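First chain A sits with chain B, and in the next complex the same chain sits with chain C.
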Partner chain A sequence: MRKAFGPLVVVGAALFVAAPYFIAQAPYESTMGLIQKIMYYHVPSWIAQYCAITVCGVASAIYLFKSHPVADRYAVSAAELVVLFGLMGLITGPLWARKAWGVWWQWDVRLTSALLMELIFVAYLLVRQYGGPGSEKLASATALFGTATGPFVYKSVDIWRTVHPKTTVVPTLPSSLGAPLALTSAAFVLLFVVLLTLRVNLAERQAALDEMYLALED
Partner chain B sequence: MSLCRIMIALTSWFLLSTSAFATQPPAAQSEYVPLKDLPATENVPAAPFLIAAYAFVWIAAMFYLWTIWRRLNRVETDMRALAQKTSRR
Partner chain C sequence: MTFLRTAWLVLRKDFAIEVRSWEILTTTLFFASSCVLVFAFAFVKEGRAVEDAAAGILWIAIAFSGTLALGRTFERERYGETLRALLLAPAPRPALYVGKLLGMLALLGIAEALLVPMVAFLFQAALFSRPLLLAGLLAGGTIGFAAVGTLFAAMLVRARSRDVLLPILLYPITIPVIIAGVRGTAALLAEIPDEATATMWIGILVAFDTVFVTLALWTFEPLMTE
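The block that comes next holds the complex of A and B.
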């Protein structure tokens, strides 16, 4: 991962630089017009969040059952990114909704469950921050609950009636709208990988510092 | 003790029910309103929302990057101080 970090940063930056051109070139959607272009940041935010949820869930499960410290570092780093990308989705969504639906927020199943999932990962970080010694295992279990809600949040629009568009919308987009979305999605996933690498590096340095303190006490 | 529990239960019920009523969706529209007749507060331009959304994403990402850099600097400073302390011993 360390060797690939430089090229990843370059490719990610190039995609973000190219994104405004492709977004500007994309045609307006017929019913929403300009505001629909929020999609090019809104949907990728959730894609990046689901990548973070997957990493956090797998790493938490490994830490919970194997007590592997590296897995814990990945779990806590990914949990921060779940909250970050979730916040991006939860802010860009209401900005889109205000224009498209006429309201900032609807307490429908997709929006409410996405908010609850975000709060579960905020709870994870609070447990890690203020839970004291041994809170890592409790936090891992919280992360597993958060991860388990992920598929329900995703499929909620197909199961229940909601104002939010269904999951079938994105795969059926015409290429003129789908290509810029694919590009920004790739950029967001790369941003996630870059931020995760940096955050894991920080967690490793923090672990090394803790070991130094322990060695000093001995 | 049981009175205290009843009070907590009643307060919780009151808070939950009021928030549920407060979050009910607005009343359904009963008649057709042409776009040009919408009040100014309802007929909002799209550009400020689009700019706000893109700006927020960038600011959030940059802020998070800054917090990583700040925490990393703090850890490095602590490590250097600890290394000096150990070498003096």
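The block that comes next holds the complex of A and C.
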């Protein structure tokens, strides 16, 4: 991961620089017009959040059963990114909804469950912050339960009739809209990888510093 | 065999302690009924309850009193420093969890036996028109809530500020279960009881219960290891 970090930053930055051009090039969607372009931020932030949830869930399971500190660093870093990308989705969503549906917020299954997912991972961070020693394990169980809810959030739009578009919409987009979306999605996933690497690195240094403090006290 | 026996012994132990004082049962029941009254003041307009309020009030009262009871059962173990003894017993750890879960289910079952007639009486809610479906919803919702609650209450025993952290962890994770319970019950309370919708929500509850109980049994052992 560390060796690839430089090239990843360069490619990610290039994608973010190129994105406005491609988004501007993409044709207007017939019914929503300009406002539909929020999709190029909204969908990728949720894709990045699902990546973060997967990393957090897997790392938490490994930490819970193997007590490997490296896994815990990945879990906490990914959990922070779940909250960050979730926040991006929860901000861009209402902005889009205000114009497309006429309301900021709708108590729709997808919206409610996405909000819940955000709450679960905020709870994860709260437990780590205020749970005292040993709270890492408690937090990892929270993450496992949160990850188990993930597929439910994703599939909810297909099970219930909702105002939110179904999961089948994205693959059936015409390529004039789909290609810029693929580009911005790749950019967000790269952003996630870069941020995760930086945050894990920070966690490693914190752990090393703590060890040095302990060694000094002895 | 030892699994079920251990679970049964844990349940019997908790019951024997509870019978001495009835502390958790009486406080939980009183809290549950005061919850209903607090919400009654909020949702009754001109002598009549707001539509669907009865279903919501019933489930909120169950969730709130359940949280209180969960905190108390494990506080008792902590106070007596008996949790370690329990964990040292040469018995499968998940069996201890199942024993605690059964105790919680029994307690919440008693609370529901009080709450359902109370809500039906105070809000003129036709809760008894489809008793089997209501029982299914209550059982599914209670199992899902208590399965997560017992696990988190057990592992929070050793954590700092556990009183605050239990609801913080419990509510976001169990809200799907509470939503299913409320929507299913509201469907039963409609002018013409909507059995298909209620059955659909029972199905969702069963799915969530399966996931939650499996995850809890799977993670209880590593979580309770020091």
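As a working rule, the second predicted complex is superposed on the first by the 218 of 218 C-alpha atoms of A that agree within 3 Å, B and C clash if a C-alpha of one lies under 4 Å from a C-alpha of the other, contacts with A are read in each partner's own complex, and residues count from 1 in each chain.
FYI, a residue touches a chain if its C-beta (ideal position, glycine included) is under 8 Å from a C-beta of that chain, and two chains touch if they have at least 3 such contacts.
What you see is a predicted model, and the numbers here were worked out from it, not measured in a lab.
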Contacts of A:Cys56 with chain B and chain C, given as first, second, both or neither: neither
Chain B versus chain C as contact partner of A:Val157, first or second or both or neither: neither
Contacts of A:Leu15 with chain B and chain C, given as first, second, both or neither: neither
First (chain B), second (chain C), both or neither touched by A:Val127: second
Which of chain B and chain C A:Leu119 touches, first, second, both or neither: second
Chain B versus chain C as contact partner of A:Gln106, first or second or both or neither: first
Partner chain in contact with A:Val43 - chain B first, chain C second, else both or neither: neither
Set intersection of chain A contacts, chain C complex versus chain B complex: none
Contact set on chain C toward chain A in their complex: 148, 151-152, 155-156, 158-161, 164-165, 168-169, 171-173, 175-176, 179, 211-212, 215, 219, 222-223
In the complex, chain A residues that touch chain B: 33-35, 37-38, 41-42, 45, 80, 84, 87-88, 91-92, 95-96, 98-99, 102-103, 106-107, 191, 195, 198-199, 201-202, 205-206, 208-209, 212-213, 215-216
Chain A to chain C touching residues, read off their complex: 64-65, 112-113, 116, 119-120, 122-123, 126-127, 130-135, 137-138, 141-142, 144-146, 148-149, 152
Parts of chain B lying in touch with chain A, wherever the complex brings them together: 23, 25-26, 42, 44, 46-47, 49-50, 52-54, 56-57, 60-61, 64-65, 68, 71-72, 75-76, 78-79, 82-83, 85-86
